[in-house]
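In what comes next, chain A is part of two complexes: it sits with chain B in the first one and with chain C in the second one.
Up next, the complex of A and B:
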């Protein structure tokens, strides 16, 4: 019964996506939109395949993926570490948590020129900007995760003589993981957007640099294909982390 | 946030209170920032001292003010589109249970996409004038408004609707007098996030390709290596974003003023 309802929902979602592409195709075929400005999917989708087969484009794509992953690898331990420190020490937490909340709420994209002044326009600058985008939401998610550990479970475990290590592995870890993963997912979304934006702004390589160039030279099929590839990239990252999050949080409902 | 209700770590003799520590660190940071470029530890092209940024920035206040006004107008127009269209879409999605199940996951997936990549398309379509900024920023701020409106409508107390229906409320009065006011508090957070995104969207778009506006000005000063003005421009954007956020939350508090009375009765 439930599975059937679920299937109907995913069917409708598939239909909505399909309808979007069909409308897009119809709009540019019928002349409702200028096909030079809005190339139909029947031109854009083959272009995606063509781009992915093209070695030069693949090199740009790999650079963007490297920047994004490296930024993630730096931001994750740093953010989780700071978050844990802020949550575990009430003193540090009271001193610095408001600072992190403040910076997390500030629009961070406007700081990009500062990163160019500090780090130049190369690979390192993109990574640094990605870390900057991802870090704060992760710190906040981690320190919120510590606060979400159920107090009565801890008391119960202690009363039953659990060791410190057991308490950490069995209770803290399991309770915190879903929330930390959610923070990581948000951080990675900001990270990807930040890296691509930095590449679009000033860069010699990367996906974003291609987008700006294509946009300026009105190469619309390539531009739309590139947009679809960037969307695909972030959907893969987002859905992978979301699946992990669901698995880590499965103990709650079961 | 401050859920650490554990007794505020009693200051042991020499230890500073946490609040004092925070301000001390910020003050040290600010002083270092002022001294580092002036003493030549860091080249002045990279880091401008705060005082230099303020002085050089205020010296060119006319230029900054007109750019700021331009940006602000773009933001206001984009806000109208993002709130209007987002609120409407959210209302429609939130009212139908099936639409909610189908459209909400799609909207939240779209929200997760790096929307910046759309901007070159916008400039190709609408040129590098204000039109492309308004389109881009409206789109950028749209999704949080849709999501929070749908969630707010979904959370409306069913008893309110049943009661209104029992008293013979028709479709429009039902929406304008029951559902919207009841959903408003939940919509509030979405409006604030949407407002912040619209602001960022306009400024980011101006930084990428524009002819006027504060983002354009920042980029221009950066290419000319006039570092103090770059920092001053960023500061202005932060003030603009903060001011707009305060304004929005104040308007919302006024709009949902009917609520506390009702809540008091429950208590």
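Up next, the complex of A and C:
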């Protein structure tokens, strides 16, 4: 029963994807959309394979992945650390949490020129901007995770003589992990957006740099193929973290 | 620590028969709110003999739960002291006191078995040993076969059974219960009350049972301590001289009704 329902869902999803590409193909071929601006998938999809086989393109792709991963590796401990500090110290929290909410609300792209002045236009600037993009959502998610630790469980642990360390390991860690992973996932989405945007703005290498070059020179098949690759990359990162989140938070739902 | 549940145990340490299990001396408690200081408890003196099942009742906000939390070492009283088995309570003392809260307070990410074993885990008891003990306790509370369920897969009554099993886990001589059945429906509450008496009868721990339910208090307890409204003071200690084991038929008896009425009239005058 269940397996059958699952199969029907997969079938529907497959059909939707197929329909999307067919409509795209039809629009492009029928002249509904200008084929020069919107090349059909029959041209774009082979281009994806071609690009992935191309060593120059792969070098650009790897640079973007490196920037994104390094930014993630810096942003994660930094954001989680700041979030914990803000949540655990009433003084720090009251004093500084509002700033994080304020800055989180500001579109980060307006700071891009400042980042260029500070860090140049190379690898470091992309990483810095990725960190900047990811940091705020992580800080906010982490401090919310601390607040979400159930008071009754802390009391239970204390009544049973738990040490401070045990309370952190047994209660805080488990209660917070799914929420922090959620923050990390959102942070990574912001991070990837930031890195690619910074590359598109000014840079010598990376996916974003390719996008703006292709866009300016009307190389639409390459541009759309690149977009599909970038989308694939973000989806892989997102789904990986979502799987971790589901495993860590299996107790929350179902 | 003995793992043998079948064998009732009275005490872990040598003690004289006269020594009370719990000795509350001159407990007064104040706390600050936005509108000034509140006197919550005023000069509480109580002595509870080992093996007694003692109820703590009183109008809402009389501080009966606070008093229990003080016994558990979770709240420090403004004045006075509490001795449990001859030694003062200065903080949590899980070897002497088991606590069962109103909310089952189960760790949602742990199985029923792991939840019961949790206090032993905190004390560093090896996994095999603590889980063997937890398994026995789960059987004792009627949850055989539910060892590997997570709390979200259990009903409210089952969760509270797990919490009770956890309270027994360290085999403490004293069990503190803070309205453990308050969140349950009437039927489950009655069933669990009977189960609790059955387990208690095997182990004869000292139990302090905070409750709003007067029927429940009379049905379960040897003695009911009635606290007054704020500030909480001991109004009366009512001996429940119904024979044990208690049966449901007793609830219909005239004597049961009189005891219940006696407690109710004391509380009613307070509110």
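Simple rule for what comes next: the second predicted complex is superposed on the first by the 242 of 254 C-alpha atoms of A that agree within 3 Å, B and C clash if a C-alpha of one lies under 4 Å from a C-alpha of the other, contacts with A are read in each partner's own complex, and residues count from 1 in each chain.
The rule is simple: a contact is a pair of C-beta atoms (placed from the backbone, for glycine too) under 8 Å apart; a residue touches a chain by one contact, two chains touch by 3 or more.
Quick caveat: nothing in here was measured; it's all calculated off a predicted structure.
By residue count, is chain A touched more by chain B or by chain C?
B
Between chain B (first) and chain C (second), which, if any, makes contact with A:161: first, second, both or neither?
A:161: touches chain C, not chain B.
Just checking: does A:189 make contact with chain B only, chain C only, both, or neither of them? Give me first, second, both or neither.
In the superposed model, A:189 contacts chain B only, not chain C.
Of the two partner chains, chain B (first) and chain C (second), which one does A:251 touch, if any: first, second, both, or neither?
second
Check the residue A:112 against both partner chains and state whether it touches chain B (first), chain C (second), both, or neither.
first
In the complex of these two chains, what residues of chain C are touching chain A?
72-74, 92-94, 97, 99, 101, 103, 105, 107-109, 118-119, 121-123, 150-152, 170
Show me the residue ranges of chain B that touch chain A in the complex, using the header's touch definition.
Residues of chain B touching chain A: 1-4, 6, 8-9, 15, 18-19, 21-22, 25-26, 45-47, 98, 101-103, 105-106, 109, 112-121, 123-125, 196, 199-200, 203-204, 207-208, 215, 218-219, 222, 227, 230-231, 234, 237-238, 241, 245.
Across the complex, what residues on chain A touch chain C?
By the definition above, chain A touches chain C via 150, 152-153, 155-162, 166, 170-171, 174-175, 250-254.
In their complex, what parts of chain A are in touch with chain B?
Of all residues in chain A, those touching chain B are 9, 12-13, 16-17, 37, 87, 90-99, 101, 105-107, 109-114, 116-118, 147, 189, 192-193, 196-197, 200-201, 207-208, 211-212, 214-216, 218, 220, 223-224, 226-227, 230-231, 234-235, 238.
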